[in-house]
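Structure provided below as structure tokens; questions to follow.
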């Protein structure tokens, strides 16, 4: 039965044709990955998959995140153990994204998604709650993260055994709404993760403003803190939470010189003239 | 006003379509990137619907921290809410807060999408879906279903497949695809949601009475219509996705 | 969003300084960029969608009804619906009241008059699509929405079309209901191009110390000491001129000179804003351009 459908005339938008020197493109066809014929937007379109699309029928591929397979009687996901080595297990995509192959592992990386924490990520979090010997931190991911009392450096010493008095005074150190500069200690594991601030470069953030950007725009790199001219430094957390603030003066340790108004700072350090307010 | 001819002897409906003709289908993804994790806009003829998805997250945005105890270990808590402002219909009418029909549609959609989302990945999380109907000219459930599918895909939530939906009505013995308001008011119709390119249905709702012997013809026409809609949605997803990719590189 | 005490004091000190340093480097009288589209609701006489990037979005619809009445105050009805808030919450009620009052005071009722007895009754429905998730925990009151909704209403009213009246306007002799043309192409604008009538615009001004700022962002709202809602019409300040609380903490009193400063600022920027909105309303309606 034929269906007649009407669609709007599209204005032709220009797509940048991406010249791909990627070797993996050539391997894909040899290893039985079914790709969609390009729609004229360049090599990248052949890697795009959408939910429900068949990626490959080859059972030798290991199925990673973003894929699923169907057995004859039931639907199973990659998290379950599967012993059906003899039956056909075509791999389908469950996300809209691009295919990524690492050795024999097949995953689909989605176009967009919430931040997924990984061990070693330098991020910024906002305290949302306090419970026994730990703080609950919002990092913009699927779940809140945990910051244990034992994982922070208290003022008055880099390493100090946490006493019971400290447990009762957690709010005096970090309260709800505070921003902390920290690192992911234990990433992944169903989305919840543990954080720590065990270094002089981490800790509570002061004298600045907070900006949130989509987490996909931040590239993981060795260093996420940068000093800009004018006495300004920025921290680009991998989770998309960023901090623009005053550069910490050298030799002041953990405590910052407090209460400097940015107006005065601009005058003295960047040499701007004072504007008259009419 | 002269008698409205829902289906002329030549095979033309009120708005000039044939029995197997879909209304103009337009969709857009990522319409509200800053207020939601996933968003979509679906337009079927004059029916326009916006869908905003928040999640997966730990608790509902409108409760104060108390939701943790209700989290499900087997899958996500899916909360669907349809907002139907008074200007959506032709005649302005303010809806009561707990409109029964809207609540029933929410339950039907929730059941459908709990089967479509790969639940195992989202245990103990909450996914919040908010639909705003801007203008309704027939096919409310179908538009909502299509909009939710696109918004979930945009949010990066794993789905087994698309669920594309359409409404089909019966005029005497003739099935009519994609009903508008005038047809819905006079004829019996059924809304079905089809999984991807298969013949399986995840969503079926009939709010009127239909004779059983015509049901098969209705459903097979509907399945064909849904496949076409899935194709149109898929094209849009690829377009938006490729665009996003090209901007990142 | 919830702010830490450090952030709060930083923003407050910056706003209080003589330079009025705003976090997004705007001047004290500078608006954030906004976008708007019209004519996208087929079931309404007029519609507009106005939004700022990274912020709140407001969809306005104007629908008209014909009623026989002598009471001119019921001709304009404004209702605001905020997603996630109850209809009887103070925020929704206050927004509706502000807008209704500002429109009724300045509305040129002759544009709504059909005959001696019959008038158009306008229903203006505003939908705010979403508000930030932690609104309950934050200290801003979102009264800055008054400004956004007022601009949305202005655009919707300017682009409202009404069917052409085909019966005579004098019904003392004929005494029958007005009749209209079925041809939508011959519809007329509620506010014709030649008329001087413009709906009132409401501006929200924030106060910190001796400084006044226009269009406060949500972070700025959290630390503002006070706020004003000032009406503007035809290059003049018009009622309502009212004080509103923009932040639920740190409220302080304001001085008379601050109020006059705020009124002067609104007088200064009112005309360019009206010009910009008129330009949006006059844009050619592109049938093939989707609003989203």
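Brief remarks on what is shown
Letters are used for the chains, namely A, B and C, taken in the order the chains are written, and counting of residues starts over at 1 for each.
The rule we apply is simple: a contact is a pair of C-beta atoms (placed from the backbone, for glycine too) under 8 Å apart; a residue touches a chain by one contact, two chains touch by 3 or more.
In UniProt terms, the chains line up like this: B = Ribosomal RNA-processing protein 41; C = Ribosomal RNA-processing protein 42.
Bear in mind the structure is a predicted one, so any value in this text is a computation, not a measurement.
Taken pairwise by the contact criterion, the protein chains are fully connected, each one touching every other.
Comparing chain pairs B-C and A-B by the number of C-beta pairs in contact, the larger count belongs to A-B.
Subunit C has its Cα centroid 38 Å from the Cα centroid of subunit A.
Note: centroid distance subunit A to subunit B, computed from Cα atoms, is 31 Å. Annotation for subunit C: residues 290 touch two or more other chains. Residues of subunit B in contact with at least two other chains: 26. Residue numbers of subunit A whose C-beta contacts span two or more other chains: 8. Across the complex, subunit C is touched by residues 26, 28, 31-32, 34-36, 41, 43, 46, 48, 50, 52, 54, 61-62, 64, 83, 85-90, 92, 94, 97, 130, 132, 134-137 of subunit B. Within the complex, the subunit A residues that touch subunit B are 1-8, 13, 15-16, 18, 39, 41-42, 44-45, 48, 50-52, 66, 68, 75, 77, 79-80, 92, 94-98, 110-114, 129, 142-144, 190-191, 214, 216-217.
By the touch criterion given at the top, residues 40-44, 47, 53-55, 57, 59, 61, 63, 65, 79, 81, 83-84, 87, 123, 125, 127, 129-130, 132-134, 136-137, 290, 292 of subunit C touch subunit B in their complex. On the side of subunit B, the complex with subunit A involves touching residues 17-18, 20-26, 30, 33, 37-38, 55-58, 65, 118, 120-121, 123-125, 153-156, 158-162, 177, 195-197, 220-221, 224-225, 227-229, 232, 234, 237-238, 240-246, 248-249. For subunit A in complex with subunit C, the residues that touch the partner chain are 8-9, 11, 126, 128, 175-179, 204-210, 259, 261-264, 266, 274-277.
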